[in-house]
Amino acid sequence: MSLKVENLAKQYGRTAALNGVSLQAAKGEFLALLGPSGSGKTTLLRAIAGLEQPDTGTVEFEGEDFLKQTPRERRVGLVFQHYALFRHMTVEKNVAYGLNVRPGHSRPPKAEVKDRVAKLLELVQLDGLEKRYPAQLSGGQRQRVALARALAIEPRMLLLDEPFGALDAKVRKDLRRQLRAIHERAGVTTIFVTHDQDEAMDLADRVVVLNGGRIEQIGSPGELASAPASAFVFEFLGDCARLKGRVDGSCIRFDGFEAPIVNAGRATGEAEALFRPWETELDLEGKPGVPVTVHDILAKGAVLRAECRSDDGRLFEAEFSRDHLPPAARPGGRASLRPRRVFVF
Amino acid sequence: MADAKTRRRRWREPSVLPGFGPAFGFTLFYLCLIVLIPLAALIARPWEHGFGGFWHAVSNPRVLAALKVSFGVSLLAAAANVVTGLIVTWVLVRYDFPGRRLADAIVDLPFALPTAVAGIALTAIYAPTGWVGGLLAPLGIKVAYTPVGIWIAMVFVGLPFVVRSVQPVLQDFDAEVEEAALTLGASSAQRWRGVILPALLPALLTGFTLAFARAVGEYGSVIFIAGNMPFKSEIAPLLIITKLEQFDYAGAAAIGVLMLAMSFVALLAINAIQLFLVRRGAPA
Amino acid sequence: MVGSISRRGFTLGASGAGLAMLAGCAPQGPAKGDVQALLNVSYDPTRELYKAFDAEFSKRWKASSGKELKVNQSHGGSGKQARAVIDGLAADVVTLALAYDIDQIASKGLIKPDWQSRLPNNSTPFTSTIVFLVRKGNPKGIKDWSDLVKPGVQVITPNPKTSGGARWNYLAAWAFAQKLPGGEATARSFVQQLYKHVPVLDTGARGATTTFVQREIGDVLLAWENEALLSIKELGPGKVETVIPSSSILAEPPVAVVDRVVDKQGSRAVAEAYLKALYEDWAQEIAAQNGYRPTSAAVAAKYASQFPKLNLATIADFGGWAKAQKAHFADGGVFDQIYKGS
Amino acid sequence: MRTLTAKRPASVGAYLLVAAGLSWLALVILLPLAAVFIQALAKGSEAALSALKEPDAISAVKLTLLVAAICVPLNAVFGLAAAWSVAKFDFKGKGLFLTLIDLPFSISPVVSGLVWVLLFGANGWFGSFLEHNHIKIVFALPGLVLATLLVTLPFTARELIPLMQDQGSDEETAAVTLGAGGWTTFFSVTLPNVKWALLYGVLLSNARAMGEFGAVSVVSGHIRGLTNTLPLHVEVLYNEYDFVGAFATASLLAGLALITLILKTGLEWRYAGELSASRRH
């Protein structure tokens, strides 16, 4: 293991930002810290970078006690959400900064610095913009400068704090692809913070889901999707609806119908089932289900989404591929709604 | 990042940046040396006859009258500066005209011009024989040697404080907010009242307080034009001098301490409001 | 531009230099080389007088002792200057507007209490008196003190609280009215009336003169005779003229050696010689030329035409300065009462 | 964020507003300035120039420059240290701390001088100690310096604090994570970002240091040629009825102030451009 975080806790006033967080990252792994704002993900990243001092717990990196080291000694590359580029320096100077500030004996010669900066700018596809100032760049370009600057010091670990948070969707997607390519080439252990589950699932080898200063689940994107550890994880990873029922073995019974439980094992009794819109079916032929009124049918990319409201006003959604929508379904019509499979936590 | 803004328990938030100790230490040391110890000497001075002596010195009707003149006229001058300063700032920021930079430059003149020079110059202008005084004299308007003269001098020293407080805020004022108001059909008066003024309020308040505090203490530029008539145009700093001329250090310090306390409270209040607004993210 | 910079030394050096300068010594102090320095702390209207006197005295001092002498002058309001000396301004000699201010210095032990008897004429080498300055042609027909309180007459005089000269003005008015029927009570109401006619109270005599001559405020200026003569010369030949009232006060600006300072700096000999020289005829002539009334009979006779005779009260008529100060100018004294409730 | 740029006045009302603002400036500020210069030249430029060539005037200029040369760098270092503490760190009592920095703005200049007399005068707290050790503070250069320091203390700090607060500490943090040490961070990141504001504060406090009258008047001793600064020399000349000389000397100060301000405004427009450019993220 290259990074080992044990039992990290950090308190701000009466709020616990981190509450006993432990995780590990293998060398070269790409880890995402995912959670809503206030979940502690940024605090965790900053504690690893050395920008925050945790109250208790340990951070070890390749056997070294990170907490005893200054951010400088840790030599981690940090990319800030708002870039934090040096506004009075050119792109080139920004990227070279970390090399130029090294003490005399370990500072690379000028030619080598120039060479490395050129290579890095090529890597982030910014060659040709060496002499520009940050104010003359677009947001995406600035973020790539920040990335190159962080990589220039040959960091032992790359940390990114919501790196794409301030960018528009198209640029985000481009940068995501570039980041993955850079990670593959550089092979450096990378941790990045995000509140966007798509981004986390798309990029990371493993995702750490945080909530209220605690880890809800650590797992690969696939594990998270197939076996969410808690209702929070399930809800955070995508849209879902809830329905009360009674657990009976590997099934849950509702009013006149039942559905299989994916994560079976709950004792018999009252429980709430969670399910996805794309695992929901609409029936127009009078079979049992939750009686609903179809309000609207929206095209959402390749799928159609039917928005339904139960008689007591709860909102349910059902998604179908274009050819699977029941032909009779239309706004204003009545239907009964049934989950195909559910999770119970 | 929301975490960093939550309530603090320690005296200082730990930070990765170095140098708080030396920088804060030096600042505090310097403040002590140049501001606090000298002021302590002032504050310690008036009590040789106990609180009674202090009270006697500051409750004298002439002292009270002078404080009234000083604080009253300063208030009026600061109020006038808020209005005129806002107009001047608006003109400087929003309109382009020849000589704009020059006009912008001379706003700071009262910061830099020696106060005594300003006082002499203002007296020369507003005395009945002066350029402006000569025009006003036939109308029966007296400026020099009346409280109006004091007011003019205080307006002079206070104007840059208002302009320089408001200017950056107005410069940074988000065009979208104003345009939004415009597209929502707000009249220009409504835009002023509803959108622009509230945004400028903290800066205006700061400018007002600084101009006020400066005017209260002002001596050099006021003394020549004031007339210095007891109960009418005598300012509190002059009374400090008067007490000193009579070798009454305790009395002089008593008035000084009182003025200092009043200014300090005003500044403290404004800085508290200011910090509150900064924390809230409003333009300050 | 990065990395190699360590300017710590620079900043520390700069602030260190500044602090070192703070702790450094004053530019004055014991004379360097053969040039001896003497500091004369005086009041405002004596600038021209001492400029002339210092030049002549230095010349004579060099002739008699062979040493260079540099006389430094400090001028300001009399009370302010006295306070500066009390607070440590290293004056070898003080030449102030009134004995009260020197008494204050003496009371702090810087000058021996018997100072006023060490030199002739109460340590006053020359005197003056209070006269009127009016506009050319005397349009308001001001002849004497009683004309000052006529309706429509505006009088310019500085604030006696901040100006030594103004105290003489006040006392001259008081002395005039005290001789009228009713004595003390009349004097009080006269002075009260008089200050009702004052539109501007400047802080110093020179400021009052400027207000009167340059700003053309008021109809009559109460001024030292020497100041009146000087201001006609400097500001307004043909603009203003003097009026000598029937009576006035003998203004005595005294001089004294500051014992504590001269003993510490070893300058007693030159300081005493400096003050003694003020009584010599050549110095008396300089004084007369500057509008002061000489005490030397010979010089006085020579300049008699310049200084008309008039009845002069003295500070002794008020029981001395300490008493006059307490009764009239101290907080709550008669002057304060004039302005109470007005 | 986009801000509105200045435009030429378009309506009658706008013209009136511009006219009103400028007339007020002219009346309150330009007129006194003009008065100084015109009175200085009342008897021709030669009379004015000869007043400046007097030995007393020259020594006053030297003293004034010396006082400013000591005070301005000290207050600049103070301003940087204060701004670094306030803007880059969060601590309790910041409001009080800021108020203390502002306080000299509101102390009457008379009091700013008086306090040093109360401390270092012969009858002050340290009076007998100083006398015993033959150290002179009041009525000598150190007193002038101290009084000037007190009066000009907030000027640099006041310029730097809002700007540095506005800039935050992200860039410094980035520098630290990239391996820069404290001083390197300060000189390579912080200082370049505030250099115009620093210069601006320095110019302003320089003008104020040279022009201070009330406070130095109390501690100067008014010894001609020795402890009279330029503003005090103006007073001396004025009281000698040498109005041309007084205003000539005053116009030297006013000219200095004016040059300072024009220089400063030039800088300000330039650095405002830089600032808004870098703000437009």
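First chain written, first letter: the chains are A, B, C and D, and each begins at residue 1.
Rule of thumb we're sticking to: a residue touches a chain if its C-beta (ideal position, glycine included) is under 8 Å from a C-beta of that chain, and two chains touch if they have at least 3 such contacts.
Values in this document were obtained by computation on a predicted structure and should not be read as measured data.
Asker: If every step must land on a chain the current one touches, say how few steps get you from chain B to chain C.
Answerer: 1
Asker: Which pair wins on C-beta contacts, C-D or A-B?
Answerer: C-D
Asker: As a quick test, compute the distance in whole Å between the mean CA positions of chain C and chain D.
Answerer: The mean C-alpha positions of chain C and chain D differ by 34 Å.
Asker: Measuring from the mean C-alpha position of chain A to the mean C-alpha position of chain D, what distance in angstrom results?
Answerer: Spacing between the chain centres: roughly 53 Å.
Asker: Centroid of chain A to centroid of chain C, CA atoms only: how many Å?
Answerer: 85
Asker: Among the residues of chain D, which ones contact at least 2 other chains?
Answerer: Correct list: 74, 77, 124, 146, 173, 176-177, 180-181, 184, 188, 238.
Asker: Taking each residue of chain C in turn, which ones touch at least two of the other chains?
Answerer: 2-3, 86, 207, 214
Asker: Which chain A residues sit where two or more other chains touch them?
Answerer: Answer for chain A, listing residues that touch two or more other chains: 50-51, 71, 97, 101-102.
Asker: Considering the complex alone, what residue numbers of chain C touch chain D?
Answerer: Touch residues, chain C against chain D: 1-3, 5-8, 11, 14-15, 17-18, 21-29, 39, 41, 44, 47-48, 72-76, 81, 84, 86-90, 108, 204, 206-207, 209-210, 214, 230-231, 234-235.
Asker: What does chain A use to touch chain B in their complex?
Answerer: 11-15, 17, 37-38, 40, 42-43, 50-53, 70-71, 81
Asker: Please name which positions on chain B make contact with chain D in the complex.
Answerer: 8, 11-13, 15-20, 22-24, 26-27, 30-31, 34-39, 41-42, 45, 84, 87-88, 90-97, 100-118, 120-122, 124-125, 131-132, 152, 155-156, 159, 168, 171-176, 178, 210, 213-214, 216-220, 236-237, 240-241, 244, 249, 252-253, 256, 259-260, 263-264, 266-268, 271-272, 274-275, 278, 284
Asker: Once bound in the complex, which stretches of chain D touch chain B?
Answerer: Touch list, chain D to chain B: 1-4, 6-9, 14, 17-18, 20-22, 24-25, 27-33, 35-36, 39, 74, 77-78, 80-82, 84-85, 88-92, 94-96, 98-111, 114-116, 118-119, 124-125, 146, 149-150, 153, 162, 165, 169, 172-173, 176-177, 181-182, 185-186, 204, 207-208, 210-214, 230-231, 234-235, 238, 246-247, 250, 253-254, 256-258, 260-262, 264-266, 268-269, 272, 276.
Asker: What residues of chain B sit close enough to touch chain A in their complex?
Answerer: It is residues 1-4, 6-9, 14, 16 of chain B that touch chain A.
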